[in-house]
Structure formats: C-alpha cells, structure tokens
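Just so it is clear, A, B, C and D label the chains in written order, and each chain counts residues from 1 on its own.
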Amino acid sequence: MAKPCVLVTGFAPFGGETINPSWEAVSQLEGEAIGLQQSHIIHTKELPCEFDKALVALYQAIDKYHPSLVLCVGQAGGRAAISIERVAININDARIADNAGKQPIDTAVITGGPVAYWAALPIKRLVQALHQAQIPAEVSNSAGTYVCNHVMYGLLHYIDTQQLDCQGGFVHIPYLPEQAVKHSGAASMSASNVQQALKVILTEALANPIDIKLAAGTTH
Amino acid sequence: MAKPCVLVTGFAPFGGETINPSWEAVSQLEGEAIGLQQSHIIHTKELPCEFDKALVALYQAIDKYHPSLVLCVGQAGGRAAISIERVAININDARIADNAGKQPIDTAVITGGPVAYWAALPIKRLVQALHQAQIPAEVSNSAGTYVCNHVMYGLLHYIDTQQLDCQGGFVHIPYLPEQAVKHSGAASMSASNVQQALKVILTEALANPIDIKLAAGTTH
Amino acid sequence: MAKPCVLVTGFAPFGGETINPSWEAVSQLEGEAIGLQQSHIIHTKELPCEFDKALVALYQAIDKYHPSLVLCVGQAGGRAAISIERVAININDARIADNAGKQPIDTAVITGGPVAYWAALPIKRLVQALHQAQIPAEVSNSAGTYVCNHVMYGLLHYIDTQQLDCQGGFVHIPYLPEQAVKHSGAASMSASNVQQALKVILTEALANPIDIKLAAGTTH
Amino acid sequence: MAKPCVLVTGFAPFGGETINPSWEAVSQLEGEAIGLQQSHIIHTKELPCEFDKALVALYQAIDKYHPSLVLCVGQAGGRAAISIERVAININDARIADNAGKQPIDTAVITGGPVAYWAALPIKRLVQALHQAQIPAEVSNSAGTYVCNHVMYGLLHYIDTQQLDCQGGFVHIPYLPEQAVKHSGAASMSASNVQQALKVILTEALANPIDIKLAAGTTH
C-alpha cells in the first residue's frame, strides 16, 4: 500500500509575470516528507492558469495520488501576508484573459453547483500556527473571481461530490521580492519564508483538522 | 391598495463612531418617490448594529411594507467607492463586539442555511449606472463577517425562504468627510454624493432587474 | 489704490487626465472676496503643467497683482485629504514627461538656490481650521519632485529673493469623484468640498500668519 | 595606520516595539569587511531613539572611527521596500514621544542650520544596484520629522560643517516578518534580505560615489 500523501499545487505565470511565486515555492517541496513522524509524502503539480483546464489537471492529480490533503497555492500580488481563504464562490468573472485567452464574465464554475463552499481546512488554527512561527498570515474572505477562486471551488466541489476523505483549501501568497522590484511599493515575502509557511500549514492541518475559535473577521 | 414601495435601511453608529454615514444618508430619503414616473415610495429604517436583533428589525419592516426592493446600507470605513456587494456568507466572525456586547466567532447567521446567497440585484448594471453618474463604484466580493454581512445574508435568506417577490442586496459606503478627519489618510465621500448614489441604485434596479455582462472581477 | 488681493493658481491637466481638479476648483473662486470684512479679492491663474514655463506664468501673475498671499494648488491622485505642503526642494526629477515633453532628471529648479524652502504659510493652523470645518486635511512633508514641487520652490524663491511682503505655499488636493471613477479604489473629494477647503485656507492664513504648535509629524 | 572603515548605525526599539529591525540587521555586520578587495571594515553602533542624544552618540562614533562612509538605518513600519532617503529637513515634529519622553513640535534639529541637506550618497545608483540584486528599493523624498530625519540631518550637518571627507546618508527598512505578524496587512522584509541590501549599498557607494541619471521621482 502506498504511503499517505498530500498534494500541493502552484500556478503557471500569468498577467505578464515571467514567474509565478506559487509554483516557485511549491515545486521545492516535491518528494519531501511532512506530518507527525514524517507520515506523508508531498506530491506537487503545476496547474495551467486557465479556466476549466486547471480543474482537469487538478482532478487528474487527485485521482492519481489519492491525497489526504490538497493545498492549492496562488499569487496575490499586493497582499503582504499569507492568506488562508475561507470560502470559494461559484462564479467566474475575469478582469483579464487567462493564459488561453478566455475571459468568462459571470459564468458558473460548476453549473448547478451551490453558491459557495467553505474551505475544508482548520483556517483559524493555521493562522495561529503561522503567527507562532513568526510569519505574517490572515484569513481572507474572498479568493477573487479569477482562476484561483475557480480552482478552489472546483477542488471543494470534487471533494464533496466524490465524497473524498480529504482536507482541501486554498492559500494566496505575496509577490516574491524579485517581482516586487517591478511593482513599486508592493509588498513581498521571501521564497524561504513562503516555503516555511507551506510546511507549517501542511503539518498543522495533518495534525488536527478540527478548527479552533479565534476571532479573525472583518467588519467589511 | 398601497402604492408600491422600496425599503432602505441604515445602521446605528458602532466601533467608537458617533454617527453612521449609512443612516445619515438613508434617513434623508424617507418619503421620497423613486422609479419611473415616481412609481415607488421610499421607506427607511435604522437597524441596530447588533447580531440577530438587526434581522428582527429588518423582518418587521419587510412584513410591514411589502417592498418591491430592499436595499441595506452600511459603512465600510477606509473604502473609497460605493461597493455593491455580490455575495453574503453564512458566518458571523466578529473582530469587535457589537453594540450589545456580543462577539460571535464562526457561528452561522442562519443555522442550516446554505453557505452563501447571491445578491438579488443587477450588480454590474448598478456599477455601470453609478459610473455614468460620475460616482466611484465597484463590485465587492466580500461584505465581511460582521453585522453587515449578517444582515445581507439574513435578508436574502428571508426573500428566498418566504418566496418574496422582491429584489434585495447590500451596499457599503465610505466614511463621510467629517469622519475621515479623525482617521488620518482614510478616503471619504460627501453625504450628497452618497444620497445621489443611493437614488441611482434604486432607480436603475427598479427599471431593470436583469443584469448585464460587464467584467468587474478581481484576480484575488 | 487697488484693493488687496490674493492669487490662487491651478494646473492644466496632465498624465492622461482630461481635467485637473486644481483648476476646476480654483477657477470657481475668480473675483470672489475673502478675508475679514471681505478684505481681499481673489485672482486666479491656470499654470501650464510644464517645467520653467509654469514659473514664468506664475511670476507674471505675481508681478501683475502684487498679492498678499499666493496659494498654488495641484492634484495628488490617490491622496484622500487636503495636503498642506511643508517644504519645497530644489530638484526636478520627472517620472513622466511634462506637457511639453520635457523630463528633467535631478536638475535644479533654480541653479544656485538653497536645498529647500519652508512654506510661508501657517501650515498647522490651516490643518486645524480645516478639521474644524470637517474637511480631511494633513501636513505633507514632500510635494514630490515634479511640476508641483517645482512651482512651490519657484514661488518661495521668488518671495525670498524679491523680498515680497507675501505669504505663499502649496496645497495638494485629491481626485474629483469623476476622476476616481477611472482609477479603481482611488480616494476622491467633491468639488464643493475642495472649494470650501480653499476658502478656509485663505481666510485662516489672512487672519493670522503666525503658526501654532500642533503635532502633525510622521515617524518616517 | 588604521584600515579604512565605514560606520553603520541602527536604532533602539521605539513606539511599543520590542525590537528594532534596523539594529537587528546592522549588528550582524559588525567587523565584516566590505568594498573592493575587502577594503573597508564595518563598525556598527546602536543609537538611542531620542532627539539630541542620538546625535551625541553618532558624533562620538564618527570621531572615534573616522569612517569613509556613514550609513544610518531606521525602521519605516508599513513601507514595503528599502527606501534611500534623498533629503533631510531641519525640523523636529514628533507625533509620539521619543524614548526619553520628549516630543518636540516644530523645533530645529540644528538652530541656524539650513532648511535641508541632500544625502551625500549616490542614491539613484544605490536603487539601481538593489534592483539588480532583486531587492525592492526606492528613492524616498521624506525621512519624516522624527528621530530618523533628525539623525540624517545631524549627520549631514556634521559632515558639512566639520568638512569631513565622508559619504553619508539614511536608509529606511520595512518591518521584519515577526513584527508584521502584529500589524495586520503590513509589509515586511526578511532579516537576510535586509542585510544583503545593506551590503549592496555599502559596496556600491564605496565603488563609485558619483551618481547616475535615473528617473525615480514622484508627481506628488
């Protein structure tokens, strides 16, 4: 029987960037062991920054690895902290075209799906663990309406409808310093800090999927 | 038979403020006629900034007036534009206590309700109309996790479960200039511009509840 | 003998904008009386958004009117409050070309001039008066390095070297709402509030040119 | 004869912080060699976050080491990039009290001194070198009105009036990640990136004190 595993995904570059910090960070984790007593192997996968095709690639990887946890990672240029996404919504509303030139406006991610899914991760526990590791982190209440939200919604819909025994969620990360050089005034986070953050998230979620009560809301 | 009407709500002050710009603006609309050929009367209602009690007050007003449209308005201190909210989520996560001292963390707005509801308003049409009226406006993909989101979710749940023939949604407005004086660097919008914005929204939604396709999404 | 007067200047549009809120606001004040017992007449002047030529136009207007006070007004897209500039520095460093296509980099405004001049206005008193009038306002410690700073430096150098009996300074104002419509998320201020602010500034400075002690600094 | 040296200073914590990232980063450089063929030794000094006393400590260190270059480093909480300061102004305007409880408002750093001094560093060359090293960096046109600007002004005044053969200037650095954890949404930079940035600055300035022409200005 195969060793238990987790799947971590990043994205291909988009929007004029030549790198995507999500895949830069995620690809470094390939093959590492994580969890209590190194219980799980980390598999990684680069998703295309394209509506629908990203989900095809994601579902193939899930079917191949049968992971205990799927963590999808994307770039949020301008944010300063690791953002643990709370909810995915059933909408595609693209401000810019994806890498295949498609720009859906107000279409459903999954026709007939519910309006939204909660992240299947202990999001407050993750924020607490990241803060204890001295890494800026926050709960986010919107993953946007682009390919990131699309992938998060599609992931949670798959877990739900396929009745997978699997945690799942989405994390947005800041620009890398080398990207912020070209975006005057934009915040960034070093690749080593991002990698450490991803390991903290995987370790903590595997250790205890039940969330804690911790105020991390916003008034608007 | 009573003339058709709309219901517009604002909030009592909260979070240390002595006024709430939502009620300042909304209360000025009481009794005015709106819509094509002045078809609808505007009723207004101040909601308490309290979880649950705000919904009791809202439902009483809806039952009393049987409005064709309910627009709830709240303050989003720091935002620069009129924000038309796209979605309400079934969570209360209060960073600060409400006016009754309650601070729920990760409880449901409506136990057993769906994860989220879409606004029952033509949100893109409203943004377009506001822009044509030279008023800064945007679609927002999160109404937060405080009393504003609570009221928006409760409103849409009521419309849905009571099968009301009624449009409904939520709009966040900036600080008034007199508030921004005390919040260094914060954006603001004048009371007259906010009132004009609310009239544009009501007029446009009554004229045509069917939305348009207009890219107004965010990548994250 | 001519009635005492003040000179208020605005700028022509630049940087792709079709209007400049400074001239929109300033031009409305032409010919009005201001000060205790309406003691002073307001003259206004639109300055070209061009290095050097802006100063030629400014000096001509000063020589023509012999004002008791010169207030130059410019647009600071993105700022949320009326900014009273504290200091002008002897440098031109243009991120974009001016309206004549010139883009000086690290040249002097006035060759041989001192590194900087303080505003010849009671800047803290003006902030206090604006706050009392419920208008967001702040002291700014940098007027940038473009035509605005150029004009402020040139004005103060002229007052100093010509030994004019004249107050003088620079005020940056936010976008108008109609401009912010095209700059997603940018703060704005209504034209009527900006005009009110300019009148408060002129009235207060004419009433008492001696400044007060009021903490309005920044740690960085 | 003593080996040529440079002096790099950081600050003690202030404003409720328990660490100051400037001293955290600077102290790691003590005793290292820098410059072409390791030509210079780095001396470091922690300055008290107090008006006047900081200058006493700075002048003592300069008199002791006779450095070829003095680089003073301070924290700019909220900024995302390494900020090379262009100019220091002759004013103390403290929004909060310093560590000795003093809160000067609109007093001179040096009575009778000029309004401002330019940094005695090739500031554009430094920004270019930092960008080539993939580190976010920018020219800043205001060092504020607190102890940072006070120290920068005092340093440049000392170099000027004592006719020292010495480069000198000021650099603001972001929060460390462990500080940003407590400042929701604030940008940060890792300690290792900050140290790398300081070495790039010292190396580049020692290699060539003559600046380049590079547009790095702001319109306001």
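We adopt the following convention: contacts are C-beta pairs under 8 Å (C-beta built on N, C-alpha and C of every residue); 3 or more make two chains touch, one makes a residue touch a chain.
Chain by chain, the UniProt names read as follows: A, B, C, D = Pyrrolidone-carboxylate peptidase.
Please read these numbers as outputs of a predicted model, since none were measured by experiment.
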item	value
Any chain in contact with chain C as well as chain D	none
Chain of greatest Cα-centre distance to chain D	B
Interface residue overlap between copies chain A and chain B, same or different (over half shared)	same
Gap in Å, rounded to a whole number, between the CA centres of chain C and chain A	48
Separation of chain A from chain B, taking each centre as the mean of its C-alpha atoms, in whole Å	31
Interchain centroid distance [CA atoms averaged], chain A/chain D, Å	38
Residues of chain C engaged with two or more neighbouring chains	none
All pairs of touching chains, each written as two labels joined by a dash	A-B, A-D, B-C, C-D
Residue ranges of chain B in contact with chain C within the complex	80-81, 131, 134-138, 177-178, 180-181, 184-190, 192-193
Parts of chain D lying in touch with chain C, wherever the complex brings them together	15, 74-77, 79, 83, 86-87, 89, 91-96, 103, 105-106, 114-118, 124, 139, 141-148, 172, 211, 213-220
